[in-house]
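Just below sit the structures, each encoded as structure tokens.
Each of the next two complexes has chain A plus one other chain: chain B in the first, chain C in the second.
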Partner chain A sequence: MSLGLFVQLLVNALTIGSIYILMVLGLDIILRGTKILNFAHGQLYMIGAYVMFLFFQMLHVNYIVSLLLAGIALAIVGALSYLGIFAILSKRFTVSTSFSYRLLLSAMASVGLMMILQQGTLLAFGTQERGIQSPFPQILDIFDVRISLLRVVIIILSVLVCLGLYLLMYKTSFGRLLRAVSYDPEAVTLQGVNAFWILVLCFALGSALAGLAGAIIAPLFSVTNQMGQNVIFLSFLVLLLGGIGSYRGTIIGGLLVGLLLSFGFQFLGGVAELFVFMLVIIILIIRPGGLLGEATE
Partner chain B sequence: MKKLMVFLFLILVLVALPVLGACGAPPPAPATAATGDVKTLKIGSTLPFTNSLGIDTKKALEMIIPAFNKAGGLTVNGQKYNLDLVIYDDKYTADGGRAAVERLVNEDKVKFIICQVGSAPIVAGLSVTEPAKIPVFCGGASEKIIDPKMQYTYGTATWRTNLPPLFPLLKKAFPNAQTMVNLSPDDETGKALARDHANIATKLGIKVLDNIFYPRDTQDFAPFATKIMSLKPDIMDYPGAVAGTQFGLQFKALYEAGFKGAHISPMPPNMVEVLAVTPKESMEGLISILPSTEIPNPTAMAKQYKADWTAKYGGWSVASLTWIPAFYAFVEAVKKANSVDPEVVSAYISKNGLQWESPNGKGILVKRPDYKVDRFCDTVATLDFSLYKGGNFEYLGTISAEEALAANQTAFGGQWK
Partner chain C sequence: MAKLPNKNAIGSRKKLIAIVLTAVVLLVLPLVIDSDYIKHLLIMSSLGAILAMTFSLLYSAGLITLGAAAFYAIGAYASTLLVMNAGFSFWLALPLVVLIAAVLALGFGSVFVRNAGVAFVIISLIFVQVVIIAAGQLEFLGGWGGIIGISRPDAIGPVQFTSKTAFYYLMLAVLLLVVLAFNALYSSRMGRVWRAIKLSPHLAGTLGINPYKYRLLAFVVGSTVAALAGCFYAHYSQIITPGAFGGWLSIYVQLYAVVGGLEYYILGPIIGAVLMTFVPEYLRIVKEIEPIITGALLLIIILFFPGGILGTIKNSKVDPFWNLKGKGRSDKTGFKETAEVGRG
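Take a look at the complex of A and B:
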């Protein structure tokens, strides 16, 4: 394999991997904090792409501002979804409601949310695919290696978002509260903190990450109302692969899936996806909690 | 008491009459229902409402058919008919297509089906239309549409016949091109066309390096482009691609990977959608069908169609043209057979053939001896070609339906008329 081919495959892998990382970090934050397995996460990603289309393509708002607006818009959608569905549902739970039953009901509610968001987008934007002009159409040609500048920007943006998330989670009091709530919400409440609003913010933050992922990727691909369904399945696989509750695991899982899909397709063709599933099965047999997670309730 | 009994009896009779009447009521309105002295002929279509091909074909039919009815509709054996078109979403899938066709045939009782787009829904629907003896005038690319077992199905698009006339133009524009890669969707349409294109290219002396398939909902073509670049083809072909946004994503990925060869597309690209996702430079070297409305001297019918579309919908969609010849073929078939009986119409055109004029030009129904089909079932038509150069489509020339017929007979062999 030539160096040029290797670099191109690596850039493809990092681009796709970084989007899955953002998606799964959002999924993981929601799952750890609110104990909701959010099947509507793909639709939040799709709406992020539509918001990007609306602001950047239609209203010609600055690229970075459009990205921020997509993140904010999805945080609001996420918060409202939590308040309108999951908060009401959780009030029905009693002390005797088992964790697995709560998880199942929340997952079912998220399937309902998924349908609402899907149909809502369909009504608002129709079925037609939308294209967004690349904000960075330049091609970097370095020693005969051609790399799209947009892909490089996507990778950099994803790294910045991950860094920002790390600082938020580990260097701020809000992050500490969020982590504390994810471990033991009752204990946090006993400390005089209103855990409910922390959970709302937790769902909003996870949704914002999905929206940002959709908005970041939108100019690279096209915007369709099917894009959420395509991405959610692999996102769950990345979550299982990396391990629930481990940010480092998520990053490693996302990168592994990106590398497998990119290099696998080059040498094995369409069966590359099969190898992702096989890898997940093997990892789960060896380590039921995923690469860096723990197999606990 | 007697009076009360008589009164009750009368009440019972009054209540029972409408019920009894309903029991003996005639069956639901037949597919040809009279409205004054003009009858209604019910026809159906299934289209994908999720891409521009389906959406724009639907809009085209919703424009053409009311205008056709307004202009007098069909006259068969002295009886006037207005067309009533029912369209369902086939979701571009086999399941969706079969369900939609079952509904058209069993619930709506349509007599003819026209203008379907995708092979997967069309082929799935044939298991309903063939036993029901419903003629289907459709645009799919699959060779299953012209299978010898089919008796009521007619392919009215040129997917199976437009490459033999296109390849000589390609060789003229790119004389040094020797090798080709097919990039196709991994469904019925893509696989059928990839096979066809590979066969034709091989016969014309072009080496096919690989047939690469992608799922229909693919958005990231970078891995495909990287693989294609490592094969170093001179020509890229896109059999079965929907020439809209996804087509643009394919060009964008190849452009970013550094591809500088020729591209061929038998489908005219929807440039509004394509250029929304890829730069103009990525389209350089594309030889494709040029819509008949965009050639230097379009026919009066093509001009009228474009003017009507623009007046009704504002913008202009070349994609709306691709699938409508089926409507004109259907109208001509009914006129020639002088009957609205599906079996009579089918028997007539299968035996005698058919020619029609549409905004796309002339269409001729032909036999396919290479597929061992002795009835008229497939189409050759007028084809206009262009080369995308310097950011514009450069008109390469027009191949008449008769020239297309000759080119196909030479390429595939046998007597097609």
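Take a look at the complex of A and C:
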């Protein structure tokens, strides 16, 4: 394997991995805060890509501004879905509601949301693939190693988003509240905080991350109405691999899956995904809670 | 404890009438209906009902699976390979498939079930995806194009299974067997242990019950029955492709259970499966917005009728003779979750 190929595969791995990391961070924030296993996450990702297409390709808005608009739009979609569906649902849950029942009904509600968003997007945009012109078509040429600048930008953007998320979660009072609500909503309510709106913002934040992931990746792949379904399964896998409730685990898991997929597809072809799954099984045998998570009953 | 004898007798007479009526309707139905399409939908509903019952079985032990389609696919592929390549008779392949599925379920289940809760939901969903990819990528499983020209089940004496009517009766018999088996399970100690684990694994643990062991048993039983349904599916549709088991199937299966009534482990899935097979088919008139209507319907049921159809009927006190065995006793909301110790 030449150095050029190796570096290209590595960059591909980091690109795929960083998108999965953004997706799974969103999934994880929603799961921890609102206790919803969000099946509509892939569709939120897809809508993010369509918003990017709308602003950047159709209306020629600035690249960075389009990204921010995609994030904001998806935060609004997320907040509205939470208020319209999950808030009504969670009103029925009491402290004595069993976790499996709660999980099942929220997951089923998110499946309903997924079907509506999926078909709604299909009706709005049709089935054809939409290409977005690359904002960075240049090819970097460093010591005969050719890398697309767009992929580098994607990686840098993802790192920036992760960094921003870190600052938000650990350096602001909102982040502290969000973490407290994820840990114990009743205790937070007893401290005089309105946990409800924190949960709305929590769902909005997770949705915004999915939207940003879609918007960031949109210029690299074409935008189709299938892209959400393709990405959601591996996102769940990364969530499981890294361990639910561990941001570091998610990042390690995302990079690992990115590397395995990128190098696996090059040398093994389509069975690479099977190897990723085998790896997850082996890791779950050794560590039932994922790489850095705790096993739960 | 002793109930008034006459009240009990009325109850059981009503129940008997209901059962006999249903049986007569089900037996006469294919003779009255001429359309092959409706018979096809009925056969697919019975397959869906069996799958949804396996979902409910796992749910009764507190496990939420999105992987019903995985063992359905494994059953379909195993039986196809045994019949088409190894030359077994269908009726000989059937017990072999059950054996294969049980061994596989035990192997995979022993890893999966260690994480009850969110991780189990996710891993069951991913497992379906993996089975599909394996079927698509591996050459001897027919690749993405699938396997075509699978034979119908061999005739038993003079009874041929070539017509849809004959297959309908076959599926009815299979469904009845599964219902009886599951009913027996739910009324046995095993069923009570499962419900105890669902209510609180910790509490069950303090009573000397090993939740892992019993959950694994539930997983094996559920997966084996799903594989059995897969056998009949393969030999009914005569063509299997990896795509047929992917995407929406697993999600639809749990939809059946939720729509019918989650706490009615046997009747709920059956009613949900029949309804959710027929209603979307007739919504095809408005094909474009059909998923939106189905999705909205699902949301409405979850948000406003949490007991499902049966739970809602039960609460409105229309008639109590829906009370088939195997359901939890329901409170005002149609659900039984009251004493929860810790978040299982």
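By definition in this document, the second predicted complex is superposed on the first by the 296 of 297 C-alpha atoms of A that agree within 3 Å, B and C clash if a C-alpha of one lies under 4 Å from a C-alpha of the other, contacts with A are read in each partner's own complex, and residues count from 1 in each chain.
The definition used in the following text is that a contact is a pair of C-beta atoms (placed from the backbone, for glycine too) under 8 Å apart; a residue touches a chain by one contact, two chains touch by 3 or more.
It should be emphasised that the depicted structure is a prediction, and the values quoted were computed from it without experimental measurement.
Chemist: Specify the outcome, clash or fit, for chain B and chain C once both structures are aligned onto chain A.
Modeler: fit
Chemist: With the two complexes superposed on chain A, say which partner A:I156 touches: chain B (first), chain C (second), both, or neither.
Modeler: Touch partners of A:I156: none, neither chain B nor chain C.
Chemist: Of the partners chain B and chain C, which touch A:G289 in the superposed model: first, second, both, neither?
Modeler: second
Chemist: Between chain B (first) and chain C (second), which, if any, makes contact with A:F233: first, second, both or neither?
Modeler: So A:F233 only meets chain C here.
Chemist: For A:L123, using the defined touch cut-off, is the partner it touches chain B, chain C, both, or neither? Pick first, second, both or neither.
Modeler: second
Chemist: On chain A, which partner's contacts cover more residues, chain B's or chain C's?
Modeler: Per-residue touch count on chain A favours C.
Chemist: May I ask for the angle at the C-alpha centre of chain A between those of chain B and chain C, rounded to a multiple of 10 degrees?
Modeler: An angle of 70 degrees, rounded.
Chemist: For A:L167, using the defined touch cut-off, is the partner it touches chain B, chain C, both, or neither? Pick first, second, both or neither.
Modeler: In the superposition, A:L167 contacts neither chain B nor chain C.
Chemist: By the touch definition at the top of the document, which applies to A:L59: first (chain B), second (chain C), both, or neither?
Modeler: Touch partners of A:L59: none, neither chain B nor chain C.
Chemist: Which of the two partners, first being chain B and second being chain C, lies in contact with A:G270: first, second, both, or neither?
Modeler: In the superposition, A:G270 contacts both chain B and chain C.
Chemist: Could you look at A:L89 and tell me whether it touches chain B, chain C, both or neither (first, second, both, neither)?
Modeler: After superposing on A, A:L89 lies in contact with chain C but is clear of chain B.
Chemist: Rounded to a whole Å, what is the shortest Cα gap between chain B and chain C in the overlaid structures?
Modeler: Nearest C-alpha pair, chain B versus chain C: 6 Å apart.
Chemist: Between chain B and chain C, which residues of chain A are contacted by each of them?
Modeler: On chain A, the overlap between the chain B and chain C contacts is residues 269-270.
Chemist: Taking the touch rule as given, give the residues of chain B at its contact with chain A in the complex, in rising order.
Modeler: So the residues of chain B in touch with chain A come to 49-52, 55, 186, 212-214, 217, 219-220, 222-224, 226-227, 230, 244-246, 248-249, 255-258, 273, 276-277, 279.
Chemist: Using the touch rule from the top, collect the residues of chain C that touch chain A in their complex.
Modeler: Where chain C meets chain A, its residues are 59, 62-64, 111, 114-119, 121-123, 125-126, 129-130, 133-134, 136-137, 198-202, 211, 247, 251, 254-255, 258, 262, 288-292, 294-296, 298-299, 302-303, 306, 333, 335, 337-340, 343-344.
Chemist: In their shared complex, at which residues does chain A touch chain B?
Modeler: Within the complex, chain A contacts chain B at residues 5, 8-9, 12, 15-16, 127-134, 137, 139, 146-148, 151, 220-222, 224, 226-227, 230, 261-262, 265-266, 269-270.
Chemist: Using the touch definition up top, name the residues of chain A that touch chain C in the complex.
Modeler: Residues in contact with chain C: 31, 37, 39, 85, 88-89, 92, 95-101, 103-105, 107-109, 111-116, 118-120, 123, 229, 233, 236-237, 239-240, 244, 269-271, 273-274, 277, 280-281, 284-285, 288-290, 295-297.
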